[in-house]
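What follows is a set of structures to go through.
In what comes next, chain A is part of two complexes: it sits with chain B in the first one and with chain C in the second one.
Up next, the complex of A and B:
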């Protein structure tokens, strides 16, 4: 961590800092709406705003690579997965007042405790540390890429092998090859059965 | 040491060099060839799956797997003969992996185990013919609901899951990198590379499919949990040392690293190091199935297809102990006074609890699972010795144990009744009268597990306990011998059951295997007896291979 020699005022209101705080407030608001709204789809969409807000914060901290990763992975795939999940499970669109599990207060306590811990840890760890964002580039895609493809090239390639194995495995577990006369089957047969086979009995205690 | 400490901090600091061109990383392809061959064979297997017609896939896959593994073993032997196990050992691939004695020895063991396991994977004569076709131990189609009409259709259509061979090879490749990994990132990635195919293979049993799927889900969830713990530990260690290369962390711990203000700040407090080191070790102890991280073992061993169980029990243990050895001997020797008492406790708990719970088991596969837990405890005793003898004895033990396990599970696949393998112990009563050869072979494996002289188990246990005693862990050795005695009780009980009780009417029959499983079992017996009767040559080999490069 590059420590700058001088020590600027702790809350000197530069433009970047003002933007940071404003985006932070917007992100916090979006997060609050996400957990309080009664409509599942709205919650998912507010989550996009909250996660996008994080990406903007990363950008403001000059960590552009992490910002794009945040957009790609969280905004791009996690939220899409969430929406697909809502779609595929035929969850009701619109207000769903009965979706409240009644654990709201417990969740609130846990959330506040977790937030308090995190804030305390961050404040305690970086109390008066001043990181000069204008110094040597650290979180840029350029630096990350150069290190990734030079020092970490073997783990990187091993990861690609992992993804290939995962791909093959997913196909093995989910492929439904069609036996020759599939089209002749009645519809009820083609549906997966839900009965519990007797195999359970073979289970050792 | 390559001299470069791959830290984002240091690299960012000297980024005055233009980054427009990334210098080509220096990769020693020849020294990585064993791993590259195995991964190449795996990719070839996938191409076979994609391009060849269904009928010819089985033969092609078996050929690709066996050829690839044999070539990888030849490459390992060539590297060892070239001196990479001793004089020329060094850190390769930009500091990612070590090419040294323990790495080559363990890679050789893993490849041989996988070669034998590939034979048991390919066995097709044990099950009765299904619709005129020979079938193996794997589900016709993984996605079908167990017991459904759809499943029957898939069997009728003659589907086979020949993808198990590429998955096996992927797992083997990951396992080969795992004990050679020389930084924590490579360690984590290779852990995932070998775990993921194993989760998948567990779910593909042809018989008892619900049990198999339950085993896979359990293994996946607990495995993901342990990976997360390991990853968290890696993050904490990085926070402590500012680097994740093994040598770099060891330098920071021993205080020989160049001190910078940031480093002085983080190393002022040891808690990051202790918690991070503990979490990484916990992640590895999950994989070696040490108590209290053993809960998944019996269920997974029982539910997985038996050839997979044999492979997993043997090869995972080799790879995970290899990584544990390197971590404790290369990265964390500086804080040995902190981790040794804890590892003592883990070793004692593993030996005693594994042996005692095994006594109450009534299923052969669960019995072998608890026995593997107890054996993990014995091996840990050697790991704790923290001496060259400790390393060589653990290497020897791993080689001996893996072949015994592989052989024992191969025998389990032979004893069958109408519902598939008859694994309940009561069904094994009188097996010695019905088929003396199979029972005798299983008895050899059980005696080796128990550590009876003239089997590899005795030589291994003797070496491990001797190293532990010389390392000052005499109480540990005493507890080890006592739990060996407890363990011997249930091994002998199975032998008595097989030879001295009346066969049940309508008991299981012993299937006549093809040359594939016969070869696997014969290899197991041969290694067990060879390492038991003449252990010295192999002990010397392990002794020569016991120096870690830093």
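Up next, the complex of A and C:
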């Protein structure tokens, strides 16, 4: 958890550790607010804070490349797309009373179980392994790329196939409604009214 | 998990050791001086470029432009800034107050942040400030360009949140448009950067400029440069891509409900973004602080001492002039045309180009000589072109037949339902009749003139 040796840093190793814990607490707090707030867009913004907190944690661990990729992908694209979706559905200003579903407790149990599993896996994997921090910084783009494409290439490709499957699934789901609408359209075209009014009628019905 | 992976990669680590040791060794006061210089450079360039824009657009439209404040109207934007700050600061009643006030700040701060990694001069401590030798750059990161991209993507939030928190329709539409715009143009932008990384072996800005010592990347990678230029105009919401603030359609777009200093901050953010993307284009493609070729041929000292500051300023100003030129020349694009350009032209073209560049680099790494590389790449491109031509020919034939048979049945009625409507899918617009030459009109009598006018009206409606 130290900054790379030989490079002048702003903080001493203990300072880095204290900052790491503080940022971690702030991130956890932002994540809690994200799931508990009743205002939709504010929840998305708290999510930005939480993801940004992760980026700061990566920076404190000297993983610059991953930190900025985190900002670029999660803060800059994923949450922006989320906001885009919210705005398309006319996200209301102020509290939405139906923001809470009854499944809150189930979700909490699942979240705690998932967190416990992950922590256990990480602790178990590193139980007898010591990471050597004496060498060059290990968060650089070249080292990350080499590790990713030499040792973890199969999981990486599997993930990209998973994303592709999700993409295709989303298209299939959004296309499912289309034929029904087309048949409605052709039916309504038999009506005397033509053009936009008939189309609007079809959409309403 | 990580240890065995890294220990088996000594060669990779040797490559990864970029020489950025000169950065991060400044005393604290020098860091502050440099940060203030970056801020002041951006601010002054903005103040100048607003006046410059109004002057240039005025000349292009045969007007004079601002000429009241200061010599040659140079203090006009300063006066505008003071005026904006003295205006009433409105907060709309239906707005989400916190986000409404946060939005202009979020838009402005990231715009300045990218300047931290722009190199204004060589990185080998050539200048001295108050007796301390230092590089002409605030700092540099091994992932400098990635940092620029990340910071730019945070800047989107300002626009999006301004649009949403105003609680009004036009700003919301403007915010939606800018979200879609920035996301889709950022992809093309990132891919065009990737080609540069392949040549420079680094993402640090000082390294990228250093590798351009004999050839600028605009010569080596012309396609990447063009893609970047187009997407930088899209990214900064400037004409002809200024759809989020299209005044003809959306009143003022995302900043409709803003006034006083908040509006001034949005204005500032837009112009600082222009300066920033111009500085990035200069750094990545136009040789950064290097003097252009004919000057270096007879003046060896052009790239040393304080001179690089002059060259980078000139290059940034030329790019800003290019922005203004575009605004003075091109009409605003329609939204669907704009999206089509982004997704169907820029992204595929830059993708194919990146594959090409990567192939050439890989062949060079395997020590193939230049002629053979040209042969392979040229052959590959030719084969691809031929294939696409053949596919195009067959696709066209398949489509034309049903179109001809189906055309008469589905006629387009522009006034269906009693008011003008756009064509539905499958319908085509009737051809727009040409206006008659003016010479004919003078020869006919009054009734004929009325008829012509009627016909023209019809043509306009269609």
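We take it that the second predicted complex is superposed on the first by the 120 of 205 C-alpha atoms of A that agree within 3 Å, B and C clash if a C-alpha of one lies under 4 Å from a C-alpha of the other, contacts with A are read in each partner's own complex, and residues count from 1 in each chain.
Here is the rule we go by: a contact is a pair of C-beta atoms (placed from the backbone, for glycine too) under 8 Å apart; a residue touches a chain by one contact, two chains touch by 3 or more.
What you see is a predicted model; the values in this text were computed from it and never measured.
Novice: By the touch definition at the top of the document, which applies to A:151: first (chain B), second (chain C), both, or neither?
Specialist: Touch partners of A:151: chain B and chain C.
Novice: First (chain B), second (chain C), both or neither: which does A:81 touch?
Specialist: The second partner, chain C, only.
Novice: Regarding the shared-chain residue A:176, is it in contact with chain B (first), chain C (second), both, or neither?
Specialist: First partner only, chain B.
Novice: Could you tell me if A:65 is touching chain B, chain C, both of them or neither one (first, second, both, neither)?
Specialist: Touch partner of A:65: chain C, not chain B.
Novice: Looking at the overlay, does A:127 come into contact with chain B only (first), chain C only (second), both, or neither?
Specialist: A:127: touches no partner chain.
Novice: Please work out whether A:142 is in contact with chain B alone, chain C alone, both, or neither, and reply first, second, both or neither.
Specialist: Both: A:142 reaches chain B and chain C.
Novice: Kindly classify A:164 by the partners it touches after superposition: chain B alone (first), chain C alone (second), both, or neither?
Specialist: first
Novice: Chain A residues touched by both chain B and chain C?
Specialist: Common to the two interfaces on chain A: residues 136, 138, 142-143, 146-147, 150-151, 193, 195, 197, 199.
Novice: Using the touch rule from the top, collect the residues of chain A that touch chain C in their complex.
Specialist: Against chain C, the touching part of chain A is residues 7-8, 41-42, 45, 48, 64-65, 68-69, 71-72, 75-77, 80-81, 83-84, 87-88, 91, 93-94, 125-126, 129-132, 135-136, 138, 140-143, 146-147, 150-151, 193-197, 199.
Novice: Within their complex, state which residues of chain B touch chain A.
Specialist: Answer in residue numbers: 4, 6, 8-9, 11-13, 15, 19, 22-23, 25, 27, 32, 39, 42-43, 46, 49, 93-97, 141-150, 153-154, 156-157, 159, 161, 163, 166-167, 170, 173-174, 177, 183, 185-186, 189-190, 192-193, 196-197, 199-200, 203-204, 208-211, 261-262, 302, 362-363, 366, 419, 424.
Novice: Show me the residue ranges of chain C that touch chain A in the complex, using the header's touch definition.
Specialist: Chain C reaches chain A through residues 1-3, 5-7, 9, 12-13, 15-17, 24-25, 94-96, 99, 141-143, 146-147, 149-154, 156-157, 160-161, 163-165, 167, 172, 175-176, 179-180, 182-183, 186, 203, 413, 416-417, 421, 424.
Novice: Would you mind writing out the residues of chain A in touch with chain B in their complex?
Specialist: Going by the criterion above, the answer is residues 1-3, 136-138, 142-143, 145-147, 149-155, 158-159, 161-162, 164-166, 168-169, 171-177, 179-180, 189-190, 192-193, 195, 197-200, 202-204.
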